[in-house]
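Think of it as A, B, C, D, E, F and G in the order they're written, each chain with its own count starting at 1.
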Amino acid sequence: MNTLSDSLLFLVVALPFLGAVLAPLSIILLDRWGTIAIALFPAAALAILFQQSAQVQDRVAILFGFDWIPSFGVRFSFRLDGLSFGFAFLILFIGALVVLYSGGYMPKGARRGRFLLFIMLFMGAMLGLVLADDLVTLFVFWELTSIASFLLIGFDHEREAARRGAIQALVITGGGGLALLAGLVLIRESTGLSSMTQLIDAPDALRVGTSYVPILLLVLTGAFTKSAQMPLHVWLPNAMEAPTPVSAYLHSATMVKAGIYLLMRTFPMLGGTDLWSTILPVFGGITLVVGATLALRQSDIKLMLAYTTVASLGLLVMLIGIGTPLAIEAAVLYLFAHSLAKACLFMVAGSIDHGAGTRDIRALGGLAGKMPVTFVCALLGAAAMGGLPPLFGFLAKEEVYAATATADPIGFVTTAAALVGNALMFAVALQVAIRPFVGPLPSGLRRAHETHVLIWIGPLVLGIIGLLAAIFSVTTHQFISNPMSPPDPSGALAVDIALGFHWGPALILSIATVVLGAVLFWRAARARATIAGWLTRIGWGPDRGFDQFMRGLVQVSYKVTIALQPGLLDVYMRVTLAVIVGTVWVTMVWTNSLPSWPGMPHLFFYEWAVIGIIVIGVLVVVLAASRLTAVVSLGIQGLAVALLFMLLGAPDLSFTQFMVEVLSVSILALVMTRLRLMPADKRPWRDMGAEAALSVAGGLGLALFLLAIVQRPFDTAVTDFYERYSYTIAHGRNIVNVILVDFRGVDTMGEIAVVLTTGAAILALVRIRAAKPDARHSRKRRRRAGELQA
Amino acid sequence: MSGIGNILAGIFVVMGAGFALIAAIGILRLPDFYTRIHAASKAGTVGSVLALLALAIVSDESAEVLRAIAAIVFFFLTAPISAHLLGRSAYTAGYRMWEGSVRNEMQELKETGRVESAPSSEAPS
Amino acid sequence: MEVALVGLIGIMFSVTIYLLLSRYIIRMLLGVVLLGNSVNLTLFVAGRIDPIAPPLIPAQLTTPPQDVANALPQALVLTAIVISFSFFVFLLVLAYRAYQDLETDDTHEMRVAEPEDEGLPPLGY
Amino acid sequence: MNPFVANLLLALVWLVVTGTFSLGNLIFGFVLGAGSLFLIREQIGAVSYFRRGKKIVSLILFLIYDLAISAWRVARTVLNPKLDVRPGVFLYRHRVSSEFEIALLSNLVGLTPGTLIFDISDDERTLFIHALDCSDPNARRREIRDGFERRILELFA
Amino acid sequence: MNLLQFSDLFLDVCLSIALALLCLALLLTVARIWKGPTLPDRVLGLDVLTSSAIGFIAVIGIDTGFTLYVDIAIALGLVGFLATISFARFILTRGDTERSPVYGAPEPADLRARREEDE
Amino acid sequence: MRTVIFRVAAPYLTALMLLFSLFVLLRGHNEPGGGFIGGLIASSAIAVYGMACGVEAVRNALHFHPIAYAGLGLLLAVFAGFMPLLGGEQFMTGLWLFLNVSGSELALSTTLLFDIGVFLVIVGAISAIALSLEDSQAG
Amino acid sequence: MNETQALIDAAMVTRDYTSDQALVVFPVLICFVFGAVLLMARRRMDLHPPIAVTGLALLLVADLALLARIAGWGPMSMAMGGWRPPFGISFTVDLLSALFLTVAGFAGLACGIYAVASIDEEGRRYGFFPFLFMVLGGVSGAFLTGDIFNLYVWFEVMLIGSFGLLILGSEREQLDGATKYGFLNLLGATLFLLTIGYCYGVFGTLNMADIALKSASLEGNGVLLTIASLFLVAFSMKAAAFPLNFWLPASYHTPRFVVSALFAGLLTKVGIYALIRVVLMLFPPERGGIGLILAWMAALTMLVGSLGALAQSDLRRLLNYVVIAGIGTILVGLAVPPVLESNSAAITTGAAAVLREQSGLPFNNGVSSDGPLATGLSGAIFYAVHSIVVMTALYLAAGVAAFRTGTSSLHEMGGMWRRHPLFSVLFLVLLLGVAGLPPFSGFWPKLLLVRASIAADLPWLATTVLVSGFLLTIASARIFALAFWRPLPVLADANEPHPHSEDGFRAPPPGRPLALVPLVALSLFVVAIGIWPEGLGRLSFEAAHQVLSPSAYLASVLGTAP
């Protein structure tokens, strides 16, 4: 691996990001033609990539990268092999066309620059994702695609539907991403392997590990969310709120394929088990059939395409689940065909929208004359999607049928699913390609016109590529699709690929597809109504479910939060004190560290008297019917404590306690009695009992723990030190004071900072009086806003 | 000297404590706030002053003696003031006097403009 | 002696907790004062209370003559007293100001920062 | 020079000369100084100083005497099982002049047990005195007039 | 037994008696504070408590030989005075407070009743 | 409140208390006392003065805002800790200077300076609190 | 004289004192000096901003110098008063302290600059900047001190300073919020003091290094568990961990935005610091018993925080809960089970081990040899640093947003994406950072925490981390959609007064460029750490190591112990 090619390969990853940074500037300087300049970035990247194609065809994996975060064991490393090459090709190629397309499609102004920035950002993220070797690096790019798509889907942010679509995509794919993260971390923690290359080199490491099942489920969750498998597909149709270039790019060729990429990538180490070949075909098959059915129900072209995308993704998942070399090969081909065709058709949809002002299939017709180029594009795209020869889609579909038919033991089911799905998709493709262009021109479409060259160039190129790829299928296969599929253990290239008819079940199934599709197309309106009827009868779908989930989440959160944070200080105190008391008791009992039974203390009578006065004072504080009595009793207690300190040989303490206590009580009485307050502490009986129990338990617990401690031997080294050096070095005869100003002077420094700040804080508290009406006003305002919302 | 000092101190201590007790009994027994002030401020002060005096006698530090004397002066200065301020404030704030009080010339003066018991020379103009 | 003090501390903590559980800020403030005292006593007792001579070094000597009380907890408690006094005064004034503006000292009625009628956040997008 | 300052200086000189810095020695020095000043009182115009000193001493002695008497009275009242009190407020129109003298008089009257300065009229001429035993206000007034007031008047004459 | 020994013994006995008397005094004062019934009564109780405590300090000072406790007594006297006069001041101004509350509307009857119950 | 008795006596009482507070402050290193207790006594003195003679009198007497004294106190304390750093000692190491003044020893030290800082903080802060509360109740 | 010298040699630290040691006290000194000077300069309000910003910049410089010193040469200590530890108070700085200190200084400076633009004359007059310095002084002291009682004192300095900031404005909300904040925090601080009392009663010492040594020799003693648990409760209150978090959502939204920003960044993190320092370092054998409780607390705290964030309609109250979720995430790192052998061995061998050469730490393959606890702890430290920066920035940004829309209610906000695109991007970066999405700073520590919990066989804890991140992602997306994307809702009442006159938004416009400077700096940090986390990651790892095998720390404190 030499440095130059390394750097060049890094450039592949970096170029889209570079383009992103320059996009706004380019638009400002060159207006819509600036998009051409930006399209050069992916084009350049593509060129660099193709330099490596020889090695890729030889199934040599090119590794490049550097230590990113050595302390986490994370490398910024990439792996260019057949699989990533194929995906990278799609991303860059379609990406470049989409960039051009957006130049024509997006309205003028700064928003175009911003849009292009996001598109390029997404392109970089996607490219990084498919090229990443290190698992963490992969995840970083994975999430980056979610973020970029959030911004893109919500691009028309002033519409609520766009915001909803963006949030939905982020929630679903982001949630899946977290599952993926868990899976990746689990892989690393259970095997110690941290890159795809390492995993590929030890393909059985995961399957034999004890964590296989959780890893598989987590990775699949990630892949399924991104690749819109039922019932997590809902975000995809809703993402159609995004501008059409976004749909053409993200929702045909790239983002939705990230999951497929992940499945293909992990197939060698996770695939081939019963679990794998059960889950994937089931989810994939259901997604295929349901997605295609729902596609037929739609009348908005973009939505029709979106649901067929869902169906296609289901088909891909099903194929990967089948997991035979043939199936994988078929998946690769289908992936390729689908990406080209779907991107083309989305762009066509955008072109129609742009030129005719609507995307509703029922309002469209007769545009062939007005928008001839678009019509051609539509035909090419639809033919590829429908699997008609001589387009690449046809080849793919042949392989699909070959693969499903040979799937064991579920061949019949998968084939049936594929047939139904393909037929439905064929019908939809026909609708998209035919309906808007033939028949009479509705009056509303008189002003329809062909669109800007930047708009139609993309689909046209894609359509032609679809054609060429099929015509030169051997080259295509050699270049792209063969390296993408994992090397067959048997070594033989089992797939025979050429543009021609394969006599056998595959052809029969293809014909059946076309026939069935044509019928459905013929009765499209009826079918739409029927499906709509079913949906109404079901009445509920994951899309509504999402709204319910979000609302429910907020409502549950609200209830939980209100319950946990009721806004009542006494509740807060109760919980806090209960935690403290519980901690003392539980740990003390748990560790059996209760004190031993103490002997009767020997006290002088006046010591008893002082303690007695404290007890009386304290009890009066709590029992007093009036708060004045309570305050003054507090003073009694304080004075007695001060006396106690004096009796115990703490004159400084006594000194301070006297002063502080008297001051506290005076201030308390002065301030408190100015207020009209409840004289007594009225609690309900039940509360009173519980709180008294808590109090007694607390007092007892804290005291017992103290007793347990004072029964232990005590190390007086520190105090001995103070006694020894208080006078001899610190020149002070009052050891306490020497501690305060010398031995532990820093405490005192903090203490005076507290006092100083208290003074300043009280000054602020007393002096600043806010204008009260404002506050009330704001509350009212808030409430009214809430009503508005409701 | 010390022996006599000790004996003197002992006597003063007991007297002081006795006065403190008298003050306590006084505020417990006397009928209203205004009469209790007498017990509190007078007997209480005398009690603490006597105890301090005893301490001054016993102490062999002259500085402490001086401080004890200063304290006594301070107590003598402050006791009447606090008693005066307390009583006056309570009266002004409207706390009633005991019904058993024999006269209130202040009230009398305010209501009638003159005081019966006082000789005319005593009455304010 | 320690046992007696421990018992005292237990009682003080019980009352403290009971007061702190009150709905009324003024009661809680009483609890705060008691809390400070209880904790200070705990700190004091934790340093053991065997010798009860004050930790002072008489003139002519360079170290204390006999066993003196543990000086360290005294210093700690002194610091703690000052700090808890500061906090007490602040909270007291805060309660006063709160009463002025919120017209209550019942924490159940002080629902300004976390109003009862807050309502759900927007449920849309 | 103020005779008191002179006396104090003499006491300090005594301290320095004897080299013993103690309270007792200071007081002793003060007394010695007073004695030496007393000898030359005519020459240095310290006659009034000594006269006033005598008055002050007499006031203090009277205060102690009065304090003892009335403390005993209060004690007897309080401890008497029958609790025979006849409290009341009487007024007293004093004759002293300066604020300081008023304050001093009030303080002394207030200090003695049994009497309490209740209020002072706005013109500060009349003291309202609460007495524990107010059965004979004129007797109380007489006691004050012949006791503290006379001595204060003499002192500041 | 010479004079010194006798005087020491005498002083000891006296101190014990004094302590007993003071303890009694403290307890009785506490009783008055408990009973009230008015704020001034309680303030007065605190005042007596303070002066009893001063006596207590002095006696303990003599008893333990740490006569420097006199300073604590002085400080207590100072701060006790401050407390008493500030209470006095408060009692004086409270009349005004009652008639026209500083903030808000006139005092409602129920609150007034509570306040009176308070005394 | 400001009756003649109190008014006349208050300045003397205040002076007496202030004197005592300084005494307590200065001898704190050797006997019970120190900056904190001294400061509390001094603040009590100022409070007594304020009650007898009014807030304005106190403000005039202090001249600067009380919180400034407190700030000065903290600065002094910090400075006392900082001085030894200049001399290459650890923070807050006590530096002592024993002056022989006419036979008696006068001890100056950073710990004393520190204690004076404590004193000022307490006096300043408590006076500031008292005065602001006083104002708020007047207004 | 020789005799005196002998005494001094026995009692005082006589080792060579290098001038860079003075750095240890500078943070506190700077704060106190500037706080005091600003308090004294009451007549010159115009001078407050320049003086304050100078002081804050100085503080940050001192913190950075200290960090550089510690990162280069290991822990450092200063014996206050020259008294030999454990007898005097020593300030001891290891990487953990220095790291927290530096970030605190950064947040402080950011808030200070923002405040210059946003705090009005009245706020200045009544001490905004002095309070700011006092809070920072308390925080710095808490990070620096090596003495447990002294730690309490710094807690209180910080607390009272925060009171001052909290009530600045005296609005009704503030009075209510401050009441709850005040009582609960006072209770927490007092519990801390009480526990110090118990701790002193057992060990007879207050020096943390000394306690660490002694507690290792008392291993298995039941009393220690109670003490450690009480410390845990006390610090959890400070850190606002569930179920002791009440005070935070009750108060953090009431003061000025810049104050919330400072609090959110700093105060709870001091609780975290104390948890690490005291519970992890002083009572390592006891951790086994409380590790599981910590794990539960962590999980519940995360959920309470992230659910709370979803439940709020006011942006600031929402952020309060985000702070709590962050605390829960940090706690995860403290909850994973320890590896006891290496840890307690380092301590029990006592003074000899203390001086043992610190072994080179293996970072090469990133799999720490000390197992999940080291990974988790470094994740916690990393996350704490991230959280300080991002939460400070978020509250500041919320202030700007509230000013620009005149409200902080999600019902009423809107339209900023169109009108203030750059600011919106800034806000978005912060939201993504707080949600823990890559490539922003919040992701990396989360990765470590997930790794640690999975390695420690606590999959449910890892799940909770991820779920909480998921919920926060939802909350962030909602904020962004509602407040930024959505057009400004039209209020029904056209006669509505101009929203800027509302309480809380009366301050002069923080929309001024000056207010954006700290915001940009903080956001750059979030991005920079997201893209290149190695520096902070390495520091966190080393800091965690120093905590878990504290020989260097102990050596720096007790290095010359007899």
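The criterion applied here is as follows: contacts are C-beta pairs under 8 Å (C-beta built on N, C-alpha and C of every residue); 3 or more make two chains touch, one makes a residue touch a chain.
Protein identities per chain, from UniProt: A = Multisubunit sodium/proton antiporter, MrpA subunit; B = Multicomponent Na+:H+ antiporter subunit G; C = Multisubunit sodium/proton antiporter, MrpC subunit; D = Multicomponent Na+:H+ antiporter subunit E; E = Multicomponent Na+:H+ antiporter subunit F; F = Multisubunit sodium/proton antiporter, MrpB subunit; G = Multicomponent Na+:H+ antiporter subunit D.
Owing to the predicted nature of the structure, the values given are computational and were not obtained by experimental measurement.
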Intersection of the contact lists for chain C and chain D: F
Of A-G and B-D, whichever chain pair has more C-beta contact pairs: A-G
Chain whose mean Cα position lies farthest from chain G: D
Most centrally placed chain - per-chain CA mean versus overall CA mean: G
Interchain centroid distance [CA atoms averaged], chain B/chain F, Å: 31
Distance between the centres, which are taken as Cα means, of chain C and chain B, whole angstrom: 35
Distance between the centres, which are taken as Cα means, of chain G and chain D, whole angstrom: 66
Centre distance in Å when chain A and chain D are each reduced to the mean of their C-alpha atoms: 89
Multi-chain contact sites of chain E, meaning residues that touch two or more partners: 19-20, 22, 26, 43, 45, 66, 68-69, 71-72, 74-75, 78-79, 81-82, 85-90, 92, 94, 102
Contacts with two or more other chains, residues of chain F listed in rising order: 1, 3, 5-6, 9, 13, 20, 30-33, 36-37, 40-41, 44, 67, 70-71, 74, 78, 81, 91-92, 94, 129, 133, 137
Shared-contact residues (touching 2 or more other chains) in chain B: 18, 25, 37, 39, 41, 45, 70, 74, 77-78, 80-81, 84-85, 88-89
Contact footprint of chain B on chain D as seen in their complex: 22-24, 67, 70-71, 74-75, 78-79, 83, 85-93, 106-114, 116-119, 121, 123, 125-126, 128, 130, 132, 134-135, 137-138, 141
Complex interface listing, chain B residues touching chain F: 70, 73-74, 77-78, 80-81, 84-85, 88-89
For the chain C and chain F complex, residues of the former touching the latter: 54, 56, 78, 82, 89, 93
Touching residues on chain F, where the partner in the complex is chain B: 1, 3, 5-6, 9, 12-13, 16, 20
In the complex with chain A, residue positions of chain F that touch it: 28-37, 40-41, 44, 66-67, 70-71, 73-74, 77-78, 81, 91-92, 94, 96, 107, 109, 111, 114-115, 117-118, 121-122, 124-126, 128-129, 132-133, 135-137
